[in-house]
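Listed after this line are the structures, all set down as structure tokens.
The same chain A turns up in both complexes below, where it pairs with chain B and then with chain C.
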Partner chain A sequence: MNAFVAAYLTQDGLANGAIYCLLAIALVLVFAVTRIIFIPQGEFISYAALTYVALREGHTPGTVGLLLALVAGAGFIDLLREGFGGLVSVVRRSLAPVGLAGLAAVSARFGLPALVDLLITVALVACMGPLLYRIVYRRIAQASSLVLLIVAVAHHLVMLGLGLYFFGPEGVRAAPLIDASVSLFGVPVQAQTIVILLSCAVLVGGLYVISERSFYGKAMRAAAINPIGARLMGISAELAGETAFLVAAVIGAISGILISGATTIYYDSGFLLGLKGFVAGILGGLASFPLAGIGAFGVGLLESFASFYASGFKETIVFALIIPILLWRSMAKAR
Partner chain B sequence: MKPRQVATGLAVLAVATAPMVLGEYQLSLLTYVGLSAIVALGLVLLTGKAGLSSFGQAAFVGIGAYVSAIATLRAGLSPWLTMPMALLATGCCAWVGALVMVRLSGHYLSLATIAFGTAMFFLFGGLDITGGQSGLSGLPPLMLFGFAFTRAMPNYAFVWLVVLGLIWALGNLLDSRIGRAIRALRDEAAMAEAMGVDIAAAKSAVFILSCVLAGFVGWFYAYFQRFVNPSPFSLAQGIEYLFMAVLGGANLLWGAVVGAGLVTLLKPLLQARLPELFGMSGNFESVVFGGVVILLFQFASAGLLPRLQSALGWSAIAAHAIDPAEPLAKRAVFLADGPALEVVGARKAFGGVIANVDVGLAVRSGEIVALIGPNGAGKSTFFDLVTGVTAADAGDFMLSGASIRGCSGCEIARRGVGRSFQHVRLIGDMSVIENVALGAHLRGRSGMLVAMLRLNRREEAGLLAEALRQLRRVGLDGLAWSEAGSLALGQQRIVEIARALAGDPRVLLLDEPAAGLRHQEKQILAGFLRELRAEGLAILLVEHDMDFVMGLADRVVVMEFGRVIAAGTPAQVQNDAQVQEAYLGSVA
Partner chain C sequence: MTTPGLLLDARQVTVRYGKIAAVQDVSLRIREGEVVTIVGPNGAGKTTLLSALMGLLPLAGEVAYFGGAPMRAPSVEALVRAGMGLIPEKRELFTSMSVADNLALGGFDRWRRGTRDQADDLAEIYALFPRLAERRMQPASTLSGGERQMLAMGRALMARPRLLLLDEPSLGLAPLVMRDIFRTIESLRARGVSVLLVEQNARAALKIADYGYVMEAGCFVLEGPAAELAHNERVIEAYLGVATADRTPAPAVPL
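Then we have the complex of A and B:
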């Protein structure tokens, strides 16, 4: 290996690391607030990538049908819970996602600028987060984290199958948001890499500010640190759960759009990406955001260098990393 | 004959008669059901009983299969020789895994098994020695006395003999000393530790056992399929095994068989129909299984078979007569000179909150000392320090002159400390007598294998007889076979005392034993504690009922804000100005 290859691998590793960093933050957030190990996080990535590319190519994305199905499902459950007296609120809650689905279906025909497609994609996927929480987790929010994990895995399988049905088996790759390359210390750097790193920095910074300064952010932190205390202070666990899922979906959607400019995404690509986010998140015990972030870049770099030295064992090496991490954590705990 | 036994008999009969009525295809399908059931049985122990769950069992099946296949193809070893190799290989991998995860919360194991399952799948597909994606072929069938297992029938018979044998053996295991410890792991691990159960060892043992069962399936699979490739050992298959266990009922051994049957038999059906329905090809059966699992946990989280049992009104507890047995060996009595329990200068801070400062007290054998104080005075923290639940920042803790500072809860129990808990900690769905027998954990010795083969009957009889003896002493022997969770709160507190006594302690720590008892029951309890005192037990109790304490205790220690503010006879303490101020506020 020479310096040029090393620089190239580092660049690749940092770009992937940034994506894993975003995912790890979403996963830690969802776990802290709801105790759910959110395996389906990866599906937001593939859904977003497939939606964005469909919009760019002028097709109605499968997300539209999926979102309508989720709205119908959540509405049905709400009616079962609340009776017909809840009809008004069910309709009110459904307006935004249905309207958005309609907008997406129409806008696909007009060939809008990339930025608009991007916003529509993020909004579509973001709508799914709270709906999924309502359908799958709300009723069992008090169950043990083991049960929540098993349900999350089942949820992942359902999302995977629905992804295949609504988007089809073909892989997609979006044009990079900015197709250019600059030279840094004599090494060509893809503009997309810079876009990914900058987006990651902006998102992480934004989340930090929101959680430190805003009312909702503080409420979420309270719900994560002391759920019962937060509930006694009038913070609804349900609302906290839905908000966590909303943030996770937004992060997943942005990651999906970013990564679709760098690699081909299939309906099932998200799972492995999300799992790498978990490997990073575990470094911080699914509790520390900074450690999760550091872990994410570590995973990205390890993967990138492993693909150079032992390409056939890239995935094995990355996932086997969890064993030393857990060993370290269990020794830290024993002390 | 009880309905449960009839149902078991019918199930065994169905397994035995199936080959007479079914054809080759159905029999080999049922062989797959049996294989999955073996893996799911391991998960019943792991998930349903010990409260850990693994999505990576398929990877362990794979390790068993590849080790066997490679040993046969490369070294020409007979399948009967490769079986121990396969079991050893999976056992060793599981042992390493257990080493890593036992101290961490359960969800780390689950996540680690997802990562492990993924890593192993890529490893199987990437190595040269495993034949990459195309795998290894040309394996011989199993042979027994010159007879080759090429047709469905012998394979079916072999697998289902193993399944039935395992249900028998694992049933024996759960109905034993080790089994009771395993059944405490899911909800009451901290309590079990105070009863002397080595939690880390018990969790590791269950994990290794369940993985070895998976390894066995892998071994058989290699010679049944006669070729091995990575796809049956993927994470998706590992998830499916776990689904089988939770669908059938992760708390019941037969639940594994029901779940394995449902999933394995429905899968080909769904695979044939669903693509038509969706208008495209794909693994849509996973949508159905995933959806069913989501629904299951919303409405019937225990699984199908337990649901059926409760619908039929069958109790989960099988009462049985207890064989007469020799009394268990008693512990050596503590030396008469010097206190049985002595604490000097105990200190504990939680962040900025100082819960215990310089707390010291001594309890002699044959003495009752009461620890009293307003709520938040640090009494329960002190109990936790003495019993090793939390580590003290400073202080000397001596049991009959020997330091127990830094010992695990399990070790402190071994040295003769028994305790009850402020919030009752019984295993609600286990019978009262089994709960009490858990207290006698350290008075038995037999291990897992002995328990599975039912060679521990004498020891079991001794432990249960001891549990019954303690229940009789506290007057609850009539409820021995009731579900512990169905007792009134006061009775549950008394069961906790019986459980502590079953461990033959020298020092007894009771945390609010009289709370929830009626006046008359309190008097009976006080009489009983006096009896124990006369037998030479050192008793330290935390209690809020002053009438109860003052009439019973030899000495009283009063705490406030983490400090001892007074100590002496009940009369001395009652007249202490500082104590009066703590309880009644300043007189002035």
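Then we have the complex of A and C:
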């Protein structure tokens, strides 16, 4: 391998690492707040990528119908819980997602600019996060981590099947947000790589500032640090759970759009990406954001170089990484 | 049914862990402006009772809050909103966050509902506990036991509760610090905060309380005005002892 190849692999590894970093942060956040190992995180990626491409191509994506179904389902459950006195708040909560679904249909019909499609896609997938929390997890929020994990696996399989139904087995690739390449130290760098890295930095920085400075961010951190203490302050587990899922969905949606400009995305691509984010998250014991971030770039680089030396074993090498990490963590704990 | 000035009216409350009743058929009332205490040995069910009254554990029986109708399985959040506060035995602080953030979060629910006077409340808390003001930028994990208790009290007061449930506020504190804490509890009355105080240190608790209950093995075995309880022979024998230095409660006497 010469320096040129190494630089190229590094560039590729960093771009993927940035995506894994975002996913790892989402996984750590959801786990810290709700104790759910959020296997369906990857589905937000494929849903976002496929929704975005469908909108660009002028189809109404199936996710629009799914969003409406989720709104109806969550509204129905809320009515059962709160009685008809809750009707007003149910309707009020449904207005934004329903409007968004309408907007998506309009965009598919008349072809709005790419940036609008991008925003619609992120908003559409973002709305799904809290709705899924309310439908799938709210009732069993106090269950053991194992039960939550099993439900998360089932949730993932359902979303995977729906993805196949909505989008079919064909892969899609979006036009890169900026199609250009610049030369850095004699190595061509794809503009999309820079876009991915910058977006990752902005998102991570933004999340950090929100969690440190805003009152809602502090409340989320409090719920993660001490759930009982948070409840005694009136920060309900539901509010924290819905917010964590909202953030996870936004992160997934943005990751999906970013990566769809760099690689082909199928209905099941998100799962593998999410798992790699999970490997990174494990490095920090699903508790440390900085360690998860470092782990993510490690995973990205390892994968990239493994694909050069032993492309057939690329995935094996990445997932085998989890064994020494778990050994190290449990030995550190035993001491 | 509803009585003005009655903050808490619990009737025949039973709390179970599986088949075991940790609290059985307990009734208690707290009126506005009162400090009521529950004393008793370790494991009598005092903490369980407080947790259940705060909505953290399911209970059987009738509990009416703030003169309203009895509520069935109220949520913690609804009770916080209604004006209940609990300072748990373990304090449950946000350890890796600063003292200032811990206090600010105490006012989260009121802030979320649109009130914006938290800065005044914060200034008041700092005046009440100057030690917290000195340490406002430190993480809560670096505080001493007494400071943690002050922070837990300050954080709870930021929510402007009408009734504060205190679980073993003196646990693990040095005698001097303990005296400060009890003085603060007494001062709460003047701030319009009523108190339900659970304590192993029966002597100190009965000294500041208006009314008291003695709890043993999940049941109330005695109740009455605190001054009378403090002179009750059985209470003296079991909980107050002859020597004041002995702070560990004697084993419960069968009734």
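Throughout what follows, the second predicted complex is superposed on the first by the 335 of 335 C-alpha atoms of A that agree within 3 Å, B and C clash if a C-alpha of one lies under 4 Å from a C-alpha of the other, contacts with A are read in each partner's own complex, and residues count from 1 in each chain.
Convention: contacts are C-beta pairs under 8 Å (C-beta built on N, C-alpha and C of every residue); 3 or more make two chains touch, one makes a residue touch a chain.
Model, not experiment: these values are computed from the prediction.
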item	value
First (chain B), second (chain C), both or neither touched by A:Phe215	second
Broader residue contact with chain A after superposition on the shared chain, chain B or chain C	B
Partner chain(s) touched by A:Ala143 [first = chain B, second = chain C, both, neither]	first
Touching partner for A:His155 - first (chain B), second (chain C), both, neither	first
First (chain B), second (chain C), both or neither touched by A:Gly186	neither
First (chain B), second (chain C), both or neither touched by A:Ile225	second
Interfacial residue positions of chain C with respect to chain A in the complex	54, 56, 75-77, 80-81, 85-86, 88, 91-97, 101, 104-106, 108-109, 111-112, 155-156, 159
Footprint of chain C on chain A - complex, ascending	215, 218-219, 221-222, 225-226, 228-236
Residues of chain A defined as touching chain B within the complex	37, 39, 136, 139-140, 143-147, 149-151, 153-158, 160-162, 164-165, 168-169, 272, 275, 278-279, 282, 312-316, 318-320, 322-323, 326-327, 329-330, 333-334
Sites on chain B touched by chain A in the complex	47, 51-53, 55, 96-97, 99-108, 110-112, 114-116, 118-120, 122-123, 126, 236, 239, 242-243, 246, 278, 280, 282-284, 286-287, 289-291, 293-294, 297-298, 301
